[in-house]
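Would you mind keeping the following structure in view while I ask a few things?
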C-alpha cells in the first residue's frame, strides 16, 4: 500500500482527491492537513465522504507527512515550493496541484505569480505532469508539477496540430469557458450563486496566469515560440471546461485521422467522430478529455473543441494518474469512473 | 455472469442503469431495447458511456430478452404489465422501475394511472422492492416492483416513527422537492431549462400518483390507514429529492437513537448526527438516503429531512440493489460509488 | 421631489432599491452610503445601473442623511437602531429593511438577534410595514419596520384563514423555500455557486430568526398565540420565495372566495384561479405576491401556496410601497413592473 | 394610439413583446394570434402578464390583423413571407422577428433555410432593422427585418473596427455563447433543464444560419466580402448572449476612443471603460448592448466583448425600437428598463 498525504484538504481539488483516492485499492490515506480545520473530521465538512474517509484534518506541522510515500499539495500557489524540499529529502515523492513548479523560466513565473520563487533549483527537476506528453519522465519523477485546468484542455486540443506542423503557430486563439469550481472553495462575492448564476462573462482578458503555462507547452511541441490569445470565461455551472481553439491551417491533411492516431493509445483522451460537439457533462466526474476537430465551411480555420472536468482531468484525476505512473500501477487505477449524466 | 436486459434504455432511468451496470462485475449487459432508436449505438446517444457500453439499441421484438436472466423495465407506466408474464414464463426475473406492480389494490391503481391493468394476477405476487422493508421477500422474488422516487424518500423518513408507534398517523405531511430529471427525458415545454431554471413551484397538489403508493407503504407499517398530505415541488436542479416530513408526536422518545437503531445495519441509509441538514448533493450519483430528525423548539412536531438521488436510490440504484439481492450477491456490488461533490 | 438616502447600498436590497427608485418620478436619490466603498461610483460596482444612477457611495458620516426626507436602511441587523433616533429627530422619516424594529417584545428580539437593543423606546412607535395589514398606520408613520422576506410570504398566505377563524392555529406549518439572494451579498462559502447550485437543503430547522416575526403577525390576526413550525430551505435559484403552508380546517368555507375577497382591493396580492400552482418566476422583479389555495383530496388540510420575489415584495419593493404610502403617492408608483419571464 | 398585432404570441419573443408593449404608452395591443391556443387567455399561459394583458389568443384567420397599424411576426421562419404581402397591401407596417427578410441574396437564404422563398420581391424592399446602421431607412420602412440575436451582438462588436478599416476582414472569429431561451419555447429534449444545465457545448460548428446574416452585415460595412468563423455555444442560463470577437489589427489606433465615438449617440449601446468585462446579467431584461474592447498583452489581436439580452436587444426590444422609429416616437419609449441584477 502506498501511504499518501494531502496538504490542504479543504478545497475542491482536495475533496476531489479524497473522492478518487477513497476507492484506490493501492492507496492508504494517511494524513490530510488543514491549518484552519485541524481536528475536524473530514466527513463532517464533506458528508459525501461519510463511510469512505474516517480521518480528521491534521495540522500541517504535526501530520508526519514525511512518513508518507507520496504527498499531494492541493494548496494555493506558493505553499508547495516552501515544503517540497524537505519532503523530497525525506524520500517522499511530491505532486503539486498548484502552479509552483509548472513554469521553467523563473522570472516568468515570478512575474505572473507576483512572488519570489522559494525553491528555483527544484523547478528544473520537476516534471510537467501531462501524461500524454511526458509519460516516461513522470514514471521516474520525484516531483511532478500537475498541469492547470485550462492548460490541460487547451494543450490536448492543440498538440496534434502543432506537433504535425500543420498550423500557423504565430496566431493561435483559445477561447475557454470554465465552471465556477475552477475559482476554488473560497469565500468570495464574485462566485456566489446570486452573482454567477444565469450570467456569463469573460475575465482576465489582459492576461491570465495560465497563459505562460500554455505557451510553454505549445512552444515545446512547436519547437519555437508561439503566439497565443487566451480568453477565459466564467460559465454558470459547477464543473467543466470547454476550450474552443482556433488556428489557421498551412498544409492540408486528414485532421480526423491525425487526432485519432495521436491519441489512439491514450486511456484518457477520446477523439469523437467527425462532426461531433462534445458536452462538458459527458466527462462529469471522469478523467477523460473528449475532443472534436472541425474545419467549418471547408475554410482555412481549424476549430478544435476540447472538454474536460476541471476538477478531474484538470486537477485531481490527472494527479492520481500521475501517482499511478510514478508507482508503476495500471494507469486507470481508481480512475475507471463512468461520467455522471444527466 | 448474469445476463441482463433493459427495456426502454433511452430515458434517464435507462442511462442510469447503464452507468451502474457497466461496472457491475457479475453482470453481462445483453440487450437494451428502444423502439424509436433501434440500431443506434447506445454511446452515440449517451457519449458518457463511450468505452463502457458498445451495444446498439435493439427493437423490443427482436431483442431476445427471454434469453436473459433478469430484465429491467425502464419504460413508461403500462408497458411492463403487458410483457412481464411472458418473461416470467420463460424463467426471466423481472424488475419494473415503473409503477405497474407497486399498488396492491387494483381499482386504486386503475384510478390513479387511468388505464385498465393488463395483468392483475401478477400484482399480488410482485414484491415491493424497498429493501429496508422487504429484504427477505426480494431475495426470492420473480417480480419486483421498484419503488417510486418520492415514495422511497418519504417512506424511509417516516418508517422509524410509524413502526415505533410514536406519531399520530392520521395527519402526516410530506413536503417534497425534486430535481427535474424526475420528469424524465421527454420533449416537454414545462421542463425546458428556460422554463424551469431560476424558478420554483409546487405541482399536483390536488393529487399525485405517488400518494397512494406512499400511503400503502405507511399503512403497512402502521397497521392501519394513514392520513397523508403530499405536496411535490419542482426545484431547478438536475438530480435529487429532498423530503421534509412533518408529524405530531404522541409519546416522548429519543428520536435520534430510534433512527440510528432502525437503520444501523442498512448499507444505504445514513442517519446524520443530531442537528444536521442533509443536502441533496451529498448523495449525488450514490444509492444512499441520508436522514436527519429534528424536533424544533422542543415542540410536538417532528421534522424529518430525507434526501436521495432520485435516479439512483429513487430508481436505478435501488433496482440494482434489488438485482443483487435476487441473485445472492453482496448488496453493494456496483453501488459503491462516492457521491460527486461539488 | 422626495429626497431619499440609502444607508448600506452595496447589498442586494440596496441595489434593488436603486433599481426601483431610479425610475421613481417623485424621488431624488440624494445619498447612498457604504463605509467600505465610499468614493466608488455606484454604477462601477453595479453596471446594470449605468445611465440610471450617477452617484458615488458616500461615507456614512459625511453623507448628510439628515437633509433627506426619507432614509432607507439596507444594512445588517443592528445598524438602524443606532442611527434612527438622530434621523427622526432631524425630521427624517425612516424605513428599516433589517429586523431592528420588527419585534415588539424586546427580550424576544434580543434572544433571537443575540444583541442588546440600542433603542427599545422606538420599537413601540415603529409600524410594521405590511401594507395589507397596516396601511393606515404606515401612512402616518415616522418609522417603518419593513417585514422580512419569509414573513411576508407566510403571513399573506395564512392571514385570510386566520382572520376568518377557519383553521386550528395551534399547529400551523410553513415550509418555505428561498433563492440564495436571500442570504445577501456576502463573501461566504455556503452560497457559492459551486456549493449551492444543483442541490437543495433545509437550514435553521431548530430555529430561524423569522419565526418570532411570523408568530407575532399571525398572533395579532388570531387574537391569541399561535403554534408554528417554520422550516426554511435553500433552493438553487437567485430570486424568489415559495411558501407552502399547511393548516387544519375547523369550519367549512369557500376558501377560494375567502382569499379573493380578502385581497380584492390589494394592488400587490394576486389570488390565482382555483387549482393553480404559482411559480416564483411569475413574480420575478415585481412587487406581487401570488397565492393559490388548495384542499387536497377534499380533506381537512388546507394547503396555501404563496410566492414572492424576496428582493421586491420581500424587501425593496415593499419598502418603496411603504414610502409611497408615507408620502401620499399612488401606491404603485415605480412598482408598475411586468415580471421578467422567462 | 398605434394598434398593434402579434402573430405567434406563444413563444419567447412573443411573450417578451407583450412584456414590453404592455407598458408602451402609445400602443394598443389589438390581436395576438396562436393557431394552437386560440381562445386561451394570454395571462393563463403567462401568469406574469396578469393585470397587464387581458386578451385571448385569436386564430390567425379571424384576428383582423389588417385593422392594425403594425404587426409583429414572432413566428418560426417561413411564416411572415407568406402573409406580409397582404398586410402591406392593407396599409399595415410589418416587423418580422424571424429570418424571412434578413438575407438579400435569395439563393443564399434558400440554401440556409431549406425552403423556397415565398415572396422574394419584398426582400429587396425590406430594411434590415439594426438601428445603429439603418436608422433613417427604418423610419420610413413598411417592412423591417428584425436582426437575429447572434448577428446583433456580433455586428455591434465588429462594426467600429471594420468601418474604420482597422482590421483584417479576411479572418474574423466570432465565438458566441447563448442562453437556452435562444432555442425558443419548443418541446425538445436538447434544451431540457436536465440536459442543458450544468453543462456547456458548442453546436452548429459546420454552419449556423446566422453566419450568412452576419457576413452580409459585415461585408456592407467593409465594402467587400469578409471571412468569418462563427462558433455558437449553448450556456446553461436562460437569457443572454456573450460574443467574444477576435480580429487582427492592421493599423494602430485608440480603440477605446474609436468605440466610444462610434456609439456616442446611440441610446442602446454602452461602451464600457477600458479594461472591463461585461456580464450578460448587466443587460438582463434591457435593450442595451454593452461592449468592451481589449488588446491583450499589447499584441496584434483585438478582442471585443459584446453582451446583449437575446430576447430584448436580440429580438423583442429591438423590434420595439424599430416600431418607435417607424412611428416617430422617442426611441426609448417602453424600453427604459433598468436591468434586473441580481
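By letter and in written order, the chains are A, B, C and D; residue numbering begins at 1 in each of them.
Here is the rule we use: contacts are C-beta pairs under 8 Å (C-beta built on N, C-alpha and C of every residue); 3 or more make two chains touch, one makes a residue touch a chain.
Protein identities per chain, from UniProt: A, B, C, D = N-acetyl-gamma-glutamyl-phosphate reductase.
Keep in mind it's a predicted model, so treat the numbers as computed, not measured.
K.L.:
Among all chains, whose Cα centre is located farthest from the one for chain A?
P.N.:
C
K.L.:
Of the pairs B-C, B-D or A-C, which one shares over half of its contact pairs with A-D?
P.N.:
B-C
K.L.:
Please report how many Å separate the Cα centroid of chain A from that of chain C, as a whole number.
P.N.:
Chain centres of chain A and chain C, defined by C-alpha means, are spaced 45 Å apart.
K.L.:
Counting only Cα atoms for the centres, state how far chain A is from chain B in Å.
P.N.:
That pair's centroid distance is 36 Å.
K.L.:
Which residue numbers or ranges of chain D touch two or more of the other chains?
P.N.:
12, 179, 181, 185, 194-195, 197-198, 236-239, 278-279, 281, 284, 342
K.L.:
Sort out for me which residues of chain C touch chain B in the complex.
P.N.:
Result: residues 171, 173, 175, 177, 179, 194-195, 197-203, 205-207, 211, 227, 229-231, 233, 235-240, 242, 244, 246, 248, 275, 277-281, 284, 294, 296-297, 299-301, 303, 305, 307, 342 of chain C touch chain B.
K.L.:
Please name which positions on chain C make contact with chain A in the complex.
P.N.:
Contacts found on chain C: 12, 179-181, 183, 185-189, 191-198, 236-238.
K.L.:
Give the list of chain C residues in touch with chain D in this complex.
P.N.:
These residues of chain C touch chain D: 12, 15, 19, 22-23, 46-52, 181, 185, 197-198, 238-239, 270, 272, 276, 278-279, 281-286, 290, 311, 336, 338-342.
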